[in-house]
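Order as written gives the chain letters A, B, C and D; numbering starts at 1 within each chain.
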Amino acid sequence: MARSLPDLQAVVSEIAAEMKARPDRGKVADYIPDLARADASAFGMAVITGDGEVALGGDAETPFSIQSISKVFTLTLALGMAGDRLWNRVGREPSGSAFNSIVQLESERGIPRNPFINAGAIAVTDLILSGHQPREALGEILRFMQFLADDGSIKIDKAVAASEKRTGFRNVALANYMKSFGIIENPVENTLGVYFHHCAIAMSCRQLAMAGRFLAHSGINPATGHRVIQAQRARRINAVMLTCGHYDGSGEFAYRVGLPGKSGVGGGILAVIPGTASIAVWSPGLDDSGNSHLGRIALEALTRRLGASIFGD
Amino acid sequence: MARSLPDLQAVVSEIAAEMKARPDRGKVADYIPDLARADASAFGMAVITGDGEVALGGDAETPFSIQSISKVFTLTLALGMAGDRLWNRVGREPSGSAFNSIVQLESERGIPRNPFINAGAIAVTDLILSGHQPREALGEILRFMQFLADDGSIKIDKAVAASEKRTGFRNVALANYMKSFGIIENPVENTLGVYFHHCAIAMSCRQLAMAGRFLAHSGINPATGHRVIQAQRARRINAVMLTCGHYDGSGEFAYRVGLPGKSGVGGGILAVIPGTASIAVWSPGLDDSGNSHLGRIALEALTRRLGASIFGD
Amino acid sequence: MARSLPDLQAVVSEIAAEMKARPDRGKVADYIPDLARADASAFGMAVITGDGEVALGGDAETPFSIQSISKVFTLTLALGMAGDRLWNRVGREPSGSAFNSIVQLESERGIPRNPFINAGAIAVTDLILSGHQPREALGEILRFMQFLADDGSIKIDKAVAASEKRTGFRNVALANYMKSFGIIENPVENTLGVYFHHCAIAMSCRQLAMAGRFLAHSGINPATGHRVIQAQRARRINAVMLTCGHYDGSGEFAYRVGLPGKSGVGGGILAVIPGTASIAVWSPGLDDSGNSHLGRIALEALTRRLGASIFGD
Amino acid sequence: MARSLPDLQAVVSEIAAEMKARPDRGKVADYIPDLARADASAFGMAVITGDGEVALGGDAETPFSIQSISKVFTLTLALGMAGDRLWNRVGREPSGSAFNSIVQLESERGIPRNPFINAGAIAVTDLILSGHQPREALGEILRFMQFLADDGSIKIDKAVAASEKRTGFRNVALANYMKSFGIIENPVENTLGVYFHHCAIAMSCRQLAMAGRFLAHSGINPATGHRVIQAQRARRINAVMLTCGHYDGSGEFAYRVGLPGKSGVGGGILAVIPGTASIAVWSPGLDDSGNSHLGRIALEALTRRLGASIFGD
């Protein structure tokens, strides 16, 4: 069900200007040095509709570390490979706790609550890895991103990946903990190697919005008509994004923005208006839940001005 | 954004017939005797569109105990009375645990995660009660339900209310626990008295779908044009229903059904297709998460046949 | 195995003088007004040996609210009434959490970890109450205390009891929570009425040390030779005091003091040197774990000067 | 304060015979193959008094994997090296949960509750390792054991160590989790390498009771008069053994046995009668808390027959 979005470029430009001017910018993630270097004054936005209109605002062409946003794409890839068997290893309920919490794993025998908390995404990566070398699996993920965005220039930022590997002790803990319950099948270092690298993919808002089009259009790339996944699966990934896409701020995002979306600690958010548009925003400063502070505010403004909430006009 | 729903009555009749015939019926709640007496073979469904079409199937006119579905209406009423001040006393994040869990209250200083778990709904009831006698507050809630459904015959089942009061030790625990943190302001027995009674309101699917129309239509009763609440608030209540409306099965409901909804242990579910229709289903047997087993399956069938998921076609 | 304790009075006087002079006094419990009024400068100590020597220091004759120390005596009484059947309703493991935590009850189906956390003591009180009126049960507890201390003047401070009742919402929550699992058999208000009152018993250090003699002497009152409980039970109560007697500071107390003991938020501590002496100290200021700050320091000094640790010379 | 223990050898022989004959033997740990091979019919006991009497029963000369009992000795060594600074990295409170639980680490910022749960023992090993190569640190631990037991033949079972390393994912998780909070300073693989190896030390009951003598005798080896640690530290290690030495069965052990002790999943228990004797028992079958089933029963019998409980005659 497509909507017309009159003056889309005007709305996007206006929001980008407003965001650039705001003094409140959140706090840049500093747990790895390569993310800490991000420019807190940056803001970018890209909206791409089903009929190919592209509206860009601010730093929409600047690449940033997509981090957890990559989990949407690895979930898509893993569902294509393993089908609903995937749900034996990972749940699809909100977690009610922080993104890197280990508590829930103990009480639920190593099965992560959903594919968008770190533990769940590591389990999904493990599934993609099955029977492959890390290098091959990573190549497959990267090529999938390039294909979706129709852009062969998308790369992994190896400095970020190396930095994550050096400091990601909590992810090593999560992976080994799941391994102790048999949820991880490959050697932990292989699974984590792939995980750290796909989180370190660098993309601009424009590239990310391009890559997310299939989620807004029932699993189909609207430019080519090519089906990426079944329509039902696209809807369901959107549902998981809505309930679990923003860590322990998922309820807040649904309440304020009213769109399915997935955030990353690099400050990016991918969101979709089902049937209408794919959206990416980026601003490195985070709120208390680890989601982009201005990214969320910009999306709230966009949904309001476009009347695009999935929860009603 | 209204959709046309061709053959709505045919679809509803078909689904009702299918549900009546299924052998798997879930498990009727037995924690209070008056609920345990419910007929496991019952199934009802009502869909009411914005232009007044009413499609009924199965036992759509049989009253049942709405239980936690009442929480949607007390939240609406409390937001009207207290405005966003309400959110100081209750959060809006999924809980990641069972509906009557007390664990989360301890780690979050007595503030319930959302208004749809028991603790949160008790806190909302306490807000409605402020400065009133229990009898007055309860009268106000009941009249609000009658007004929304345009039906003065809606009643409280006093036997159910009395039964809850006799056996509801865990709710007494939750309320006193919150009281120890200052989240409950009225005497606990008054707040719980009102809470037990509004959970014991009895309604049919038709009455419930009538009462839920304002949520599907931007806060307006489509039959009269009367505004019940602001459009933004209606959207936001829908968002909270989607992320928190089905206890620890909320993710599953979003994934399978793709509509905002709220369930009760009496076996009812209220759901909305934003811009299009208000829906109520009822079947007393529950699944492991405490949600109506056939109710969820029926809604999944309905959304699929109507192409009505909020997450895409 | 009795030790000789040379110069006991001199040691006790010296410690009392040192404690009186210290500037660090902890923080008086303020959760109920009647406890908050306690004099932070107070310090008392009483040591009573098996051959009847009584050494008093400081405010050893001033009555204070014994609070949780009463739990040692209700446990003794309940074991006499119900025998080891008691352990079906309450465990005997340290809790690893605060004295009024409700979290553990949820994961262990309503069974409190030990009889010295609030939930456990309420369950023990419920067992004493079985088949009696609250007034009778309370009378029995009070007479037991008077009998053990050989002092008919011991009383309940009704203002404290009433104050607890007015403000003890968390205890009401704990009791109702256990009731929901069937661990509490009597009406909750009866059980809590008795509980609040036995916690409000007022005793001096001298009276308390008198009452505790049977624990130091294998279950026998050394003055009369009268057996209060079996020797094995006395040893086992001492063991539970050592592992669980100081809430989440039990390990610290064992580490520093090296004696079985039980504290109360009124600032009292009862401790025993097995085979040798019964000890009571009192100073109202508490440490972060809710135990008497100077009481613990005084006992540490006493054990060191007497070489009385149960863990070695 | 030394006791005389008449007929010690007779008591030990009698208990060994009784234990050999019992049909209930617990369940041999099977999480690593090399432990699973242990003979469930084995039972050994050794009691060594301060004046050098050695009473042996059953398989007292058969070496077994001491596993967590090694934690008592690494704690002793680390206290000697780092002093009370050690307590900045590890607490001394009972944990209230299973030996390999990770939950508590999350809520307490990576600081393990006590040195006898796995996380705490790993943190202690990390402290011993500081500034050394793993091989050197391990050599130091082994030589310390040989020195205490006066027996140069004590060895590490390398097959067990290798087996732990291959399967110890949960310990890898614990160590990395602590590392993420800065509690572990060395590379995780080095710390764990030393940890897995000291847990794999093989000793007989006689050797273990020899090694534990200093804990029973105020920090002094009674055979040589040589001081191993200060008297206060010996008492305090005994206190930590009593409150935390048997995982989530510590309260039960204190209640039934009444001696400070430390168990290992290899089925061994080291216990001390302060001032009197060092004791080791071994039987591979474990109870639900992971402690030697017959080992605990044998110690309960021994304490009763000798009247040796620290909690009274």
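Just so we're on the same page, a contact is a pair of C-beta atoms (placed from the backbone, for glycine too) under 8 Å apart; a residue touches a chain by one contact, two chains touch by 3 or more.
Which chain is which protein? Per UniProt: A, B, C, D = Glutaminase.
Keep in mind the model is a prediction, meaning the values are calculated, not measured.
Looking at chain C and chain D, no chain is in contact with each of them.
Least step count on the touch graph, chain A to chain C: 2. Each chain gets one centre point, the mean of its Cα atoms, and the points for chain A and chain B are 32 Å apart. Inter-chain spacing, taken between the CA centroids of chain A and chain D, is 48 Å.
Each chain gets a centre from the mean of its Cα atoms; for chain B and chain D, those two points are 56 Å apart. Within chain B, contacts with two or more other chains are made by residues 107.
The touch graph of these protein chains is a ring, one cycle where each chain has exactly two neighbours. Chain pairs that touch one another are A-B, A-D, B-C, C-D.
Listing the residues of chain A that touch chain B in their complex gives 1, 3, 91-97, 104, 113-114, 215-218, 231, 234-236, 238-240, 242-244, 248-252, 254-255, 258, 260, 274-275, 309-313.
Interface of chain B with chain C (complex): residues 101-103, 105-107, 169-170, 172-177, 179-180, 188.
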